[in-house]
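Here the structure comes first, spelled out in structure tokens, and everything after it is commentary.
We call the chains A, B, C and D, going by the order they appear; numbering starts again at 1 in every chain.
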Amino acid sequence: MRSNLKLAANVHPTASEDELRQLEKTYCSHGDTVHYSQKPKFFESCDGSFVFDAAETPFLDLQMWYSAVNFGYRNERLNNAAHRQLDRLPQVASQYLHREKVELAALIARDAEHKFGSKGRVHFNVGGSQAVEDSLKLVRNYTGGKSLMFAFEGGYHGRTLGATSITSSYRYRRRYGHFGERAQFIEFPYHFRGPKGMSKEEYGHYCVQKFARLFESEYNGVWDPKAGKSEYAAFYIEPIQGTGGYVIPPMNFFKELKKVLDDHGILLVVDEIQMGVYRTGKLWSIEHFGVSPDVLVFGKAITNGLNPLSGIWAKEEMINPTIFPPGSTHSTFASNPMGTAVALETLKMVSETDFGASVMEKGAHFLEGLKELQSRHAIVGDVDGLGLALRMEICGPDGFTPDKATLDWMSDEGMKGDLAVDGRKYGLVLDVGGYHKNVITLAPNLMISREEIELAISLLDQLLTRAERR
Amino acid sequence: MRSNLKLAANVHPTASEDELRQLEKTYCSHGDTVHYSQKPKFFESCDGSFVFDAAETPFLDLQMWYSAVNFGYRNERLNNAAHRQLDRLPQVASQYLHREKVELAALIARDAEHKFGSKGRVHFNVGGSQAVEDSLKLVRNYTGGKSLMFAFEGGYHGRTLGATSITSSYRYRRRYGHFGERAQFIEFPYHFRGPKGMSKEEYGHYCVQKFARLFESEYNGVWDPKAGKSEYAAFYIEPIQGTGGYVIPPMNFFKELKKVLDDHGILLVVDEIQMGVYRTGKLWSIEHFGVSPDVLVFGKAITNGLNPLSGIWAKEEMINPTIFPPGSTHSTFASNPMGTAVALETLKMVSETDFGASVMEKGAHFLEGLKELQSRHAIVGDVDGLGLALRMEICGPDGFTPDKATLDWMSDEGMKGDLAVDGRKYGLVLDVGGYHKNVITLAPNLMISREEIELAISLLDQLLTRAERR
Amino acid sequence: MRSNLKLAANVHPTASEDELRQLEKTYCSHGDTVHYSQKPKFFESCDGSFVFDAAETPFLDLQMWYSAVNFGYRNERLNNAAHRQLDRLPQVASQYLHREKVELAALIARDAEHKFGSKGRVHFNVGGSQAVEDSLKLVRNYTGGKSLMFAFEGGYHGRTLGATSITSSYRYRRRYGHFGERAQFIEFPYHFRGPKGMSKEEYGHYCVQKFARLFESEYNGVWDPKAGKSEYAAFYIEPIQGTGGYVIPPMNFFKELKKVLDDHGILLVVDEIQMGVYRTGKLWSIEHFGVSPDVLVFGKAITNGLNPLSGIWAKEEMINPTIFPPGSTHSTFASNPMGTAVALETLKMVSETDFGASVMEKGAHFLEGLKELQSRHAIVGDVDGLGLALRMEICGPDGFTPDKATLDWMSDEGMKGDLAVDGRKYGLVLDVGGYHKNVITLAPNLMISREEIELAISLLDQLLTRAERR
Amino acid sequence: MRSNLKLAANVHPTASEDELRQLEKTYCSHGDTVHYSQKPKFFESCDGSFVFDAAETPFLDLQMWYSAVNFGYRNERLNNAAHRQLDRLPQVASQYLHREKVELAALIARDAEHKFGSKGRVHFNVGGSQAVEDSLKLVRNYTGGKSLMFAFEGGYHGRTLGATSITSSYRYRRRYGHFGERAQFIEFPYHFRGPKGMSKEEYGHYCVQKFARLFESEYNGVWDPKAGKSEYAAFYIEPIQGTGGYVIPPMNFFKELKKVLDDHGILLVVDEIQMGVYRTGKLWSIEHFGVSPDVLVFGKAITNGLNPLSGIWAKEEMINPTIFPPGSTHSTFASNPMGTAVALETLKMVSETDFGASVMEKGAHFLEGLKELQSRHAIVGDVDGLGLALRMEICGPDGFTPDKATLDWMSDEGMKGDLAVDGRKYGLVLDVGGYHKNVITLAPNLMISREEIELAISLLDQLLTRAERR
């Protein structure tokens, strides 16, 4: 053997799944999310709305890689863009320019200018968390070094140390020492579990009022009325909470919240990593709510999951070259050409038809099916949706008490691949979310067909029935 | 117009470079590193050791995307791996398994076990900074929440907030508020600019002694001798400094340093993001120095720049499922299949020949050429190299005073594309690094041919001559 | 001139007040609270409930140095204790022992054991803030280094950096950079300004429920239900808020709150610096509320203002010599003999009569007078009291809108010394507090006579009348 | 029993020392420094240079409460000032003015203006640590919120959390969680344990050069040359290290250091808490070194230990009412009249004779005695002194290896009270300091008589002899 790489001979090129499983047990960190499941599934190929295991069983995917593959697995047009880029310019240092980066930035910024009424610029990176970190740097820079942020209970913005500081779950911080920039987490109008006797809109108003209380006097802790200064630089929001369980706030909520922020000089940073790129039927989910962000963070589906390209758009006053000069932040793969080429094709693709309308229509149809399931299954506590961001809450027989155990069981059951429709075996890929981990967060292929929606409802029905009988 | 994406019509599909430049000026953040240069270059395609502009002028790349494209632009074998994966399983949620992830982790971990004598595991992410953040979480978790680290003057570990805390340059922190986990930066034996009258090895020893002083008593500030505890959890090192100027320490240095760390229970985290994957002729550059890491961070060239896959390897005691359980850290694109497939092919490729020996041989030849240039050009203050990580320091006429201005000029001059060899026009892509930004950090294609090395020396010669005449 | 101290000749030994005022303007920092007032008053002597200016005008003091001089100015018995100690052992290094320190600690700890049902120990320091800092160290040590605390909106615990972190007002932090251990501030049942339509007890219950919400799931941000661990180490409370405006919570409040804390392993630290030592008719004000502290902080009136002695009492499990060993914290003047001697005499003095009953009786009488004033003056929005901690809220004509300007005017007016009762001129010393700085926080001499109470009411009456006429 | 204070009957008014010891064991925190000693000593009275136990054995005190009682126990003139103030105005709220505060501030500020060439102001507090905290707030405010400081290895500035951050010993931070403002500790020219072959001055120069290296490039970590900004706001120094072992730097040291600070906009904060007020023969010890502070912190001996008054002087530009406005910082007992009255008398007293000259003369005589002891006792490794701040380092037989155990034994032995001179029994009070806790830090009464110096040398001689024989 001539190499100093002591390895090649040791792995069978055609290792069996059992052998792979043994290797995984031995050499893979279990610190990621794979081992949330007892026997994690291997997948071998994918197509459209389906992933396939070695036995070629189709698994209908209702989560699409946490909404990263919005346009279907191996979308032909987007895959072709990737193939083309591989053959021409798959690599180029991010300190030089390539056409696709510039065109992509221009598309996003012009669209934002049209929608939000402010000129702005785009800064790329890779991975949602790194874009969130860039947004934190942007905010800290613009506010003279302020590093405290508001964020929502139930909010999730990533797992780097900075992103973890503004992510609500204490579990993500617990074993990692001190977080000196921990956000202050504010109640989100999660109406299904909110106070009794309030309408959704009333609850939204209530949450804003509760937040506004903090600015009543200097002794409420965050505001110096004499100086007119806030201790907090920005409010980080997901318009619809992702990990928090696809919770959709009332339509009045962000408008009222934004007024409080504007009155106190607090920036609005909108995290569109999971809900952006047409998941809710609009390019950015915030477009539903009638407010404009100061900073917008995107990632995931912008490349349909083919590349971790991410980025931020920010208002000119925060990101112009004078205030955010060359060298402000950087990463090797930021604006990598594989990512920008696919993202550019993605945005071109969706602009050629009224893509949003199609998503809204499919979403309405899907939600109808979910409601029908709710009417027949007592353990379905809540269903809701905006576009194709849908939720189904699994509860005890009272239809309210969160039942994580049953949902875990359903999720494992779906992975067995033994559900049957029209004599064909299927698996069902579900993702679990929510404050109590009892919510099916549904993010199907935005190009899902009507037949596949029927299939989805049918498979969910079977799962619910099995769950009730177990 | 049917789409709500207000953009498609606005960008000419065949925008000219001037038009692109105008768009870039208007809509791109200048906060990355593009605008370090006055007139940043557009590139259109790439091949082997070259990138090409619209006029198809070949630019010999001596930096290869900060050492991310170690195996040449559009390396056929690795590109084919990418094409294949695109056609089969380009997307799969990281909470499920795919063969390539497991095989890649096993290859890396078995190799590390062989070389470093410790069983361990691999945890993937995307982007070097995110892997660094994961390593920080791993260290903080393992040490009961300790969040202070040692790192080197001249060291660079990324630009997320956590990585910035352990990156030496204050410029990267200055406008971003308080960094409560700022590392303590320790002198690195940068011999060319070290104290006069010491050999390289003596200087290495001196630096270790200076560090060891800190442990002499509780009042030196970092050590409680009574409790036998250190205030600092880990020491982050780049074996050869990257951004710091491809500085190669003496061979005794890390062995002596490791002893001090071991004596005080401080972990060693080795950042191989830039120097790993055969840049120095070994899979990991630390292999040259006779010490074993507790944690090793990798990225960049593991996919030859086709995908931002990154990761960490850590000793079993730090990363086993009991101490680092499911859900410890996570990101959507961690272990994305495009990345793992290419990385797996990369490691297979290098294992099939004695790749390291070839790199060492090419490196020796290249360094010879650089030394010859040094002998003829007074402004070349220092040249050095390990494998194909090479450096050339541009100085004033005294051969010592750092001359950033001249190097900037050379760098721009190389981008003109008007250097000529054998009647053909060439450009030359150089990267600038070092404490004083006067170092050409050379990271050529590891598969560079002998002829291309001659070409490189010749082009550098022309540039140096022009620089001396300007 | 023989001295190197260049000063003695420059200050007239008998400088006039005008000269002093000029010196003060030039050489004194105005960063303390003196210049809250336009023309700060000089005082020359004091006695009982009165301070006197150079003209020997008596100023009835209804604030008694923010409740530090609970037992009257120049209390004969306590002054004598000071004289005696000066003559015998006024100085002794705190690393040696003196009788008074031990007796004082024993008195406090035995009393606490009796009342709170837990053995404990006392640790002395000087200045309330330093005792608060010691308590933070105690909590951080006991909880394995956790440094996040809950505290109340309206709460005040001092101005050192650590104490400022847990003090609600942002104004106190605003100009001092980042506070990485900023407390999370929780709503206090300040009933007069609470939600309409709730009884005082209902509001107390509401505040506890609002706090308890934070523990509903990991995504509410402070609690990991799986691990059963809280992100927050302790809750710092003032049983009755001092600077916050002498706000008295409902009697059910702390009992309900304590249950939430106990359920989640969060310590209760009770700050008695302002309300302790019989201000409310009990040695510690928390005694009214039926809960036991884990740590109790005291200061101010324990020496009747003759010495800044302060200290903490903590439960044995937190402060025993194994967990809090020698050298854990320290300051030169901690347990200084002047302070311990006077404090010991203070506690002996109050133990010889039913001091508490007398305070409750005087307090009831005083409150009756305040209520009578309220019935006649529309601008008196709220009066309340517990023992001799009393409050009167100055409002607009609606009896609700906070009117800081009028109270500032009243406070200055009282300092003029031209109020008249029975043909004698008086001044009136008032302190301003509250979330909106519109509250007279009344802390009269605990040994105030019935006649002096009548005088106080009469002087307040005059001031209110003047205020309404201005 | 009529009181609710459940305590009075429990403590014998005339408890024996054994009874007290039992109470102390049970109810006193051992977290202070008392239990560094196995059997801590009770003292009953004091006079001049002596403290006395219950048996009236005189203990010659060579440490004077860590230099707080510079003018002798129960100094008649200063005690009288205290008696007088007790009888007239012992208490007055710090928001009002009293003559002594103003006169004292004026004396200090005028003297500083004369010596340091800058107008400035004085801000009072109690306890050295609180004054240090105030200085941190002043610096953070003045530098726009910067909170990182340089300080010295061996330096000590107090035990509040903020002061602990800038105090070198990790032991003081170890059990208390994260310190996000931990200072960067710089080598102090402790010549006796410095590098061999350097003169004291050369070592001072070397230390400054080592510090100056940090500013060579942005990659040395603390300086952005492009922006001309330092990451660190101020350098905290003790001119002569106190707890660090009364280490006296070379005379060139601070001048050279100050130049580096001035070149990089870093403030100089001088902590005179232990070495100020004539300990070294000047009002402020920094006066010896030819540099002017930006901020000066004082405490301890300013009241001869009768009251914890402390304070800061700062240059006008940092502390004028515009930049440091009313309410910037505050504590109840700041500028308390007992403290200011005694401090004023102290400064008047020392100004009436050439007090400094007398200290220098006594110091020289004492040092001569120490040198003579060194010549006769091998275990005396180093003696040195400036004024009456003197040091004697106890070592192994080689005269160099630190021997903490022997010094601990000597210290306990001195507390036995069985040393004899001229047939009279004496005890000897020594304090232990230094990086290795093997230094006798001698701070005798500044009014010590020649006979008492002889006695001191004689008692030390006996102790050394006993130690060598044990």
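A few notes on this one:
Operating definition for what follows: contacts are C-beta pairs under 8 Å (C-beta built on N, C-alpha and C of every residue); 3 or more make two chains touch, one makes a residue touch a chain.
No experiment lies behind these values; they were computed from the predicted model shown.
Among the other chains, the CA centroid farthest from that of chain C is the one of B.
Interface comparison, C-D versus A-C: the pair with the greater number of contacting C-beta pairs is C-D.
Between the CA-based centres of chain C and chain D the separation comes to 30 Å, rounded to the whole angstrom. Between chain A and chain D, the centres computed from C-alpha atoms are 57 Å apart.
Distance between chain centres (mean CA atoms), chain A to chain C: 49 Å. Multi-chain contact residues, meaning those touching two or more other chains, occur in chain A at positions 145, 147, 171, 177-178, 180-181. The touching residues of chain A, when paired with chain D in their complex, are 144-145, 177-178, 180. Against chain D, the residues of chain B that register as touching in their complex are 145, 147-148, 153-154, 168-171, 173-174, 178, 180-182, 184-185, 187, 213, 216-224, 226-227, 229-231, 244, 435-436.
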